[in-house]
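By written order: A, B, C, D, E, F and G. Residues from 1 in each chain.
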Amino acid sequence: MSGAAVLQLASQIALGLLLVGMLLAVIRLIRGPNLGDRILALDMIGVLAVGFIGGVAVLTGFSLYIDIAIALALVSFLATVALARYLMSRAARRSREAEQ
Amino acid sequence: MEATPAIAIALVVLLPFVAAALAPLVHRLVGDLAGWVVALVPVAGFIALWGLLGRVSDGEIITIAWPWAPSWGLELSFLVDGLSLTFALTIAGIGAFILLYSGAYLKGHKQGRFLGFLLAFMGAMQGLVLADNLVALYLFWELTSVASFLLIGFDHTRQAARRAAIQALLVTGFGGLALLAAGVTIYTISGGWDLSAAGDLKGHLAYPLLVGLVLLAAFTKSAQLPFHFWLPNAMEAPTPVSAYLHSATMVQGGVYLVARMTPHLGGEAIWNLTLMAFGGATLLWGAIAALRQTDLKQLLAQTTLASLGLLMLLLGAGTELAVTAAVLYFIAHALYKAGLFLVAGAIDHGTGTRDITMLGGLRDPMTLSFIGTIMASAAMFGLPPLIGFFAKEEMYAALAIGQFESLLALAALVLGNALLGAIGLALLIKPFMGQLLPTPIEPHEAPVAMLAGPLVMGVLGIFLGFVPTLAGQLAVAPATSAILGVPVETHLKFGVDLLGPAFWLSVATWVLAIGLFLRLDLARSLLRRTATAIGWSFDIGFDWVYFGIVRVAGAVTRLLHHGRLELYLFLVFVLLVVAAIGPLWLLDGLPRGPQTLDLRFYEWGLVGLAVLGVVTVVYARSRLFAILALGVQGLAVALLYLVFGAPDLSFTQFMVEILSVVILALVMIRLDLDTADRRPLEDWARDGGVALLGGVAVTMLLWAVIEGPFDLRLSTFFNAHSVPIAHGHNVVNVILVDFRGLDTLGEISVVMTAGIAILALIRGARRQKPVEVAPVEPGPQPKRRAARKAVA
Amino acid sequence: MILELTQYLAALLVLAGALFSLIAAIGVLRLPDLYTRLHAASKAGAIGAGLILLAVAVASFDGAVVLRALLGIVFLLLSTPIAAHLLARAAYRCGEAPTAATTVDDLK
Amino acid sequence: MSLVLLTIVLALGWAAATGSFTLPNLLLGAVVGAACLFVVRRYVSRPNLLPRALRIVALAWLFITELVASALRVARLVLRPDLNAHIRPAIIAFPLSVTSDAEITLLANLITLTPGTLSVDVSEDRRLLYIHAIHVTDRAAFIKQIAAGFEAKVAGAFR
Amino acid sequence: MDHVIAALSGVFLAAAIYLLLSRALIRMLLGLVLLGNAVNLLILVAGRLGRIVPPIALEGAKAPLAGAANPLPQALILTAIVIGFAMFAFLLVLAYRAYQSLEADDTDRMRVTEPRGGPKPPMSY
Amino acid sequence: MSGAMQDFATHPTDWLVILPVVLALLGGAVLLMLREAREAQFWLALSIVAVIFVSDIALALRVSETGPVAMTMGRWLPPFGISFVADLTSAVFALAAAGVTLLLLVYLRMDMPDRARRDGVYPLILLLLAGVSGSFLTGDLFNLYVWFEVMLISSFGLMVLGGRNIQLDGTVKYGFLNFLATSFFLAALGLLYGTLGTLNMADIVGRAGAANPAVLASIAALLLLAFGMKAAAFPVNAWLPASYHAPPPAISALMAGLLTKVGVYALLRALVMLLPASREVLEPVLALVAISTLILGPLGAIAETNLRRALGFLVIGGIGATIAGAALGNAAGLAGSATYVLHAMLTITALYLVAGLLEAMTGETDTRRMGGIYAAASLPSLLFFVLMLAVAGVPPFLGFWPKLLLVQGGIEGWGFGRDGWGLALWLAVLGNALLTLIAVSRLWAHIFWRAGHEAATTEAPNPDLKPLSPQVRWLGLGSAGVLTLVVLLLGLWPEPLLGFGKEAAAGLLRPANYVVATGLEGAAP
Amino acid sequence: MNSLIFRTIAPLLVAVMLVFSVFVLLRGHNEPGGGFIGGLIAASALTIYGMAMGAGAARTALQLHPLAYAGFGVALAALAGALSIVFDVPFLTGLWTIFEFDEVEVAISTPMVFDIGVYFVVFGTIAAVALALEDEEGGA
């Protein structure tokens, strides 16, 4: 098998694995049980999507897609931070409300 | 000094409007003398018109046209013939006295507005009778209604005045629309806007429609049954208005219209019989209703109804004699009725009451008024040699020969004239003869400005009676010719034909009138009891309709504008379904559907992920959960873009989708989470149903689109020229910044503007802490959740 | 030849990366509480994505791409632990209790 | 001082990333880097990174190898059928001896990326680092291991 | 392939409609996002799908590879995404403000402009 | 240049077609950068809009002399680049929009809270004008979508300025429904691209004939829905009465005067000029929409007690009139639509301005508590009276001429028996006139003639009436007065209006000149 | 967000993200990217900065009000298009000047300036919104 063919096959398999991973993460997202778990699941899906983009880049040979992957990593980090912040402020509000 | 026709028309039609605009200024400058000053306007008009009289009585038809809207074939064209000149002279002549009278009548009041309205009305009325262009005719027609609205509502703080004004406006406005429709119909048939060029319209398919529309217009304006009720109510207006608009001029607009249209529409049975039937009915109705009244103005208003009916009846009869009678009667009526109204005003002014049963013996304190009334009542009673007598003779002569309808009409005429005669007697005898009765004000004579009109008009009525041939030559015959569309020579001469049936019918009328006058009180109480027993009137009917419309409007508006956004949206989506699939279905354009499903496994995987994400968004119980699921579908869509060869899209979608989640999270920090979808079950099913249909419908449409051929030439062009000319390898980006850079310029403007808007919103929030209380509106308030305060 | 080799290497890397990513996802699904799940996500996730980026770099055979891949990996390594830390911290403050199996909890 | 150096680093990174080490491109990279650093200027002047660049690179290498090991271990763990039997999580307060923000941060990140540990929080007084560990049997040994391992290396890299 | 993605767009649309009818502002906003995605997919499909080859001319090439995806719909969608995002951001902050000031995020209870049992038209002249 | 670019130099006056948009955008951007210079903002905004107004005049003159003017951006050949095309319809509408905006800026100055200036009222107005001008002048369907959105987002911004509760509630309804409308438009134009392969309007004219009529009809129906929503046609007009009275009067005026008109304009362009065959298919739908809008609009105004909300319903009734023209589809009817749009831009805006003055005098928005203005203030009364007659279509005021054209179009469409829809539309136009007359005369009686509150038993004057301050009198009455004067003069001397209507209808029915001006000679059908 | 770890690492991340955003902006004409995406990345960077250091610090770092950047962007883009008037070509015509340095072509073009305008608009607007929302919260 030529290197190119192996690479094709490997990247396709990789895409499949990543998709399965995303499915599992979505299950976690649905099952929760807490908000933190769901945020984690979304973060996980973001990271898997970074991998997926890489996989597509390998599959097609358009290595320029790597920038998309980087950017996604950047913003999905931002999302997780924002969501964590949301959790935090909810905690703060709950304690405030409990005091009252 | 003889003015050219153009200058005459300008003086007659235009000058009053200019004067109207200046009237408040004039009043400010000269005070209570304003009436004298502005009366010069109709005087000038009268003189100018008088200069044309010779040419017109020689049979000439003068037309003047100014350019107006050439691109739509419109000219501001006027036509002076016997008919229009007769009306125009009447309007100008009486108008002068009315303005004079008004100045005195409203002494010490803010007259500026009032005189302005009167002048504007005068210009409009002159325009109405002189216009040849159908659009101009309608324009002036409506302007008379508008002026009338303002004048009836002059005493605007009283609801009765407002009601009368609105009633008059709506009834005449309703008829006006019919006139507009008729005018446009005539234009469509004849191809021109000038009525004089319309020719004979009787053969056309639309003839019955035209007759209906024209008569509707005429009947509303001239207060024919069943649209008569507004006219008595219009007596809410100050007396000069009643005298001028609501007896001598504006209400004659309908009569004028019928006369003007007779050459084009008249002669057919449908035209003649309708006019005679409605005219006759109105004549009797008004005359009988007048018997019931004790208020001088009401009494006069009802007799005006009768006279208008009488005129319609005569025009409906349509013979040369009948039309001549109509013209004569029009002149006579204008003179005596305006005079009577003015005297009524003088009495009101001089005694403080208009109730005929409270008045008596005024002949000594108000001698001049008494003299004016004698002349007017005599004309109304139809005594020779006043012009009213000739009118009556003429009409009896016209109808005494002929078929059943004519005889029926004749009977109505005799009865009507007798009733009017009785009232004429009552108007003279009740207030002026007998003993002086106590009145709210010590009776005193009105100033000369108020009495000039009645006296001069009365004298004129007598004078014309003595020179009927002259009147016939100058006005009556030319007017009759214009109405009949064929030249007519006058046959009027001074004298009484004692052998003709007309005279004996006159005698019968007088006898009947005197008899009725003697039993007036009985008749009045009888009629009043009847009216009470019926308990309904056309006037009440107007209220039913008016408030019915208001009520329906309220109900419909509350039904449609309920304020529930979800229902507004629901409707929109239902329409979306209909729009997307309806035409496709009706025109047999439904798609074949997919033939193969050639997706690669990872494409299927992404589709599945997207669907899973979407379903999760929908079913997520907590909102943050839903937001996270939203992120999932967004990522799936972005990845789909990637595998379909759209990396830029994918890039953007990632960023935007995630940033949406970020902003949602930032905002959600401040929102108390609410967990459940609060929809009741039936809503759930309903919404789900329309959602499903919407999805299916748009999918079908999209399928139908992609199953058709596709032209890629735009993209072929972009692909070909991106690198060589635009120096860019990424075609999508080149489209964004070069080929279609303007889209992007708009797009970034949207982004920037969104920034401004959002900041304005957030600043608003900062200003408004603590939470402001919503303005209290009637109706039940939604329950408020107290916990929310802590959040904000 | 070198090209062929890099292709095999890239294939290996991409498979390894995908596998790690999948395992991280399995961990996220299977582990008992948020804190333990974060372990899987922050380690295996970062590694998985990082390996795939590396695979792209290797497969591209292009210095610029390699540097960008390294940049991406560095970024992942910087951001992933911080995300995990922030999330754990927030969840804890929010009162999300660790699994009952937890032996010590000094934060209490 | 360090801003200038960071600018140069960023310019080189720029040139590398854009794949063109030409003078205009380097200048552009410097301009871009300087502009971006300008935004965050107040915070980057504190850690004086460059003199310890080599040690930092060494640390980074350690970091990556530990990371791979950690990932493998987690992978083995989550694939076990009897997963719950092999974890004994704990949240442990680790007494910090490093004091600067940079050191604490670096340590915390390293801890997160290495086997079975995750930094949850730093106490208000910066004395304690709360670490979640996935499997702890001996608390004292756990603390000792981190103090001797990563903390020492981080301290070494920065002093 | 195109038919499936078209149907996917339909699924998005259906979900969007369902959410937009939910009366809860935040859900409605999510519906707007889904609606945007539905329309974007629709445009992509309407311009006919291409497969994985982007419309980018490689280094030295004068044009993108044969079989590259249609670039125009992509550019249109890009613009639409950005605009949709701006609109979404505004409406989101608006929802927040409405919630804060009107104390309701249920559209059924947001009735300031058209209050329940509003005034009846006066029966007078 | 290699057959991809235009090989002729751009004539300087061709720039007139894009200048309004560029100036407005630039102006908005610059004003945003100068947010701290409060006083300068006004003068800058005023001068920019004045320049736009002058440039629009020049454009209208140029178009009326030489026919449609076009510029295809980026020097690309049409239909590949985005074309801006001004025919007389576009040019005159753009001119009216700029004129109205100019007066509104003056009006707004009469009581502009400092915070509104801080919140960006001037940039927002300029951007609104950019969106409106762009919508009128663009010759590209997707570009039209973009300008719609510019318009929409700036109207959002204007609508929430000040942030009172009623504004928030109104904007929620306005926002969701209008954003949906633009989304439907976007979907429809995506589908149209998928069917015809082009976005350029002139190009669509040449290609629509060859496409699947069923698909085109469905797309046209979607466009009708989208533009109908934007225009506030029944039954998708609920957002308008729910929102237009919420912001301050000047802002209401701006929206009522400009926004729905753009929807109507787009409707006319799309259904009459671009997809005439589909318009014929949809004629019954258009007719039903027009008839119900014609009747229900004024009914709402009759029922309403909030003055500006009542005016909103009058706006809706007018939309019915314009759609009636589109439903008739003949020259007179379309001329009626085009002139109606122009009339409404001027008259409705002026009415809102006067309404704002009335609210300032009475401190009320409820007609039941306004009363007494007729006796107290002549000039506002006069302005309102003229405008209310204009809106009711009473001659010689402006609104009469469109009504005349529509009545004419109705008779022509009806043809004394050929087409029942023509008759129904004809009757509905007349019915609308009567109902509108009822509505405005009621407003007049309640606000002006009645002495005081509705409930008050005495005829004593309204004690709550406040005289207008000199600032308000000059700026407010001045700007409303100028607009009213235009309404009056155009009514008395209708040749410009009717000439425009004739040309506009001809342009919509026979777009050959439009197509040629765009640069697509071969494409004309 | 009062986390020492986050606050320490954030400036570094932000600087890298900003550089990356400019990179994405400038090569957008040839590869995926461009002003819009670059602007979004820059705005994300600023948002992270704001979350870590507080909105006040982010505002200080920006010197001007973020919306002024947006205004500048629109003005820049519009002027890039309006430059065409000088050359008798239609609005938004791409004008290119290519300099040669060391055998390397450096192109300056109006589409590039236009794209930079886009970058500023997106950056300024999103940053403005994010910071305003951040201010509202006052940092949790």
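Here is the rule we use: a residue touches a chain if its C-beta (ideal position, glycine included) is under 8 Å from a C-beta of that chain, and two chains touch if they have at least 3 such contacts.
Predicted model only: the values in this text are computed from it and were never measured.
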>> Touching both subunit B and subunit C, which chains are there?
In response: A, G
>> Which chain is most central here if centres come from C-alpha coordinates alone?
In response: F
>> Counting C-beta pairs in contact, which chain pair has more, F-G or B-F?
In response: B-F
>> Quick check: how many Å separate the C-alpha centres of subunit A and subunit E?
In response: 23
>> Suppose each chain is reduced to the average of its Cα coordinates; what separation in Å results between subunit A and subunit B?
In response: 68
> Roughly how many whole angstrom separate the Cα centroids of subunit A and subunit D?
Replying inline: 21
> In whole angstrom, how far does the Cα centroid of subunit B sit from the Cα centroid of subunit E?
Replying inline: 46
> subunit B: which residues touch two or more other chains?
Replying inline: 159, 162, 166, 550, 553-554, 558, 561, 563, 565, 569, 576, 642-643, 647-648, 650-652, 655-656, 659, 662-663, 666-670, 698, 702, 705-706, 710, 712, 714, 718, 720, 724-725, 729-730, 736, 738-745, 747-754, 756-759, 761-762, 764-765, 768, 772, 774-775, 791
> What parts of subunit D, by residue number, touch at least two of the other chains?
Replying inline: 13, 17-18, 20, 108-109, 119, 121
> Which residues does subunit F have that touch at least 2 chains other than itself?
Replying inline: 25, 28-29, 32, 73-74, 81, 123, 142, 146, 149, 153, 156, 160, 163, 165-166, 172-173, 176, 180, 187, 191, 194-195, 241-242, 302-304, 442, 445
>> Taking the top-of-page definition of touch, could you list the pairs of chains it picks out?
In response: A-B, A-C, A-E, A-G, B-E, B-F, B-G, C-D, C-G, D-G, E-F, E-G, F-G
>> Under the stated contact criterion, what part of subunit G meets subunit A in this complex?
In response: 1, 6, 13, 17, 20, 23-24, 31-33, 37, 40-41, 44-45, 47-48, 51, 137, 140
> Which of the residues in subunit A come into contact with subunit B in the complex?
Replying inline: 12, 15-16, 19, 22-23, 26, 29-30, 32, 35, 38-39, 41-42, 45-46, 49, 52-53, 56, 62, 64-65, 67-68, 71-72, 75-76, 78-79, 82-83, 85-86, 89-90, 93, 96-97, 100
> Which residues of subunit F touch subunit B in their complex?
Replying inline: 1-2, 4-5, 25, 28-29, 32, 73-74, 76, 79-82, 115, 118-120, 123-124, 127, 130-131, 134, 142-143, 146-147, 149-150, 153-154, 156-157, 160-166, 172-173, 176-177, 180, 184, 187, 191, 194-199, 207, 211-215, 217-222, 224-225, 229, 235-236, 238-239, 241-242, 278, 281-282, 296, 299-300, 302-304, 313, 374-375, 378, 389, 394-396, 400, 403-405, 407-408, 411-412, 416-417, 426, 430, 433-435, 437-438, 441-442, 445, 448-451, 459, 493-495, 497-499, 501-502
>> Looking at the complex, which residues from subunit B come into contact with subunit E?
In response: 159, 162-163, 166, 547, 550-551, 553-554, 558, 561-566, 569-570, 573, 576, 593-594, 597-599, 603, 607, 610-611, 614-615, 617-618, 623, 626-627, 630, 633-634, 637, 640-649, 652-653, 656-657, 659-660, 663-664, 667-668, 670-671, 674, 677-679, 683, 687-688, 690-692, 694-696, 698-699, 702-703, 705-706, 710, 712, 714-715, 718-720, 722-724, 729-732, 735-736, 739-740, 743-744, 747-748, 750-751, 753-754, 757-758, 761-762, 764-765, 768, 771-772, 774-775, 777-780, 782, 784-785, 788, 791-792
> What does subunit B use to touch subunit G in their complex?
Replying inline: 647-648, 650-652, 655-656, 659, 662-663, 666-667, 669-670, 725-730, 733-734, 736-738, 741-742, 744-745, 748-749, 751-752, 754-756, 758-759, 762, 765-766
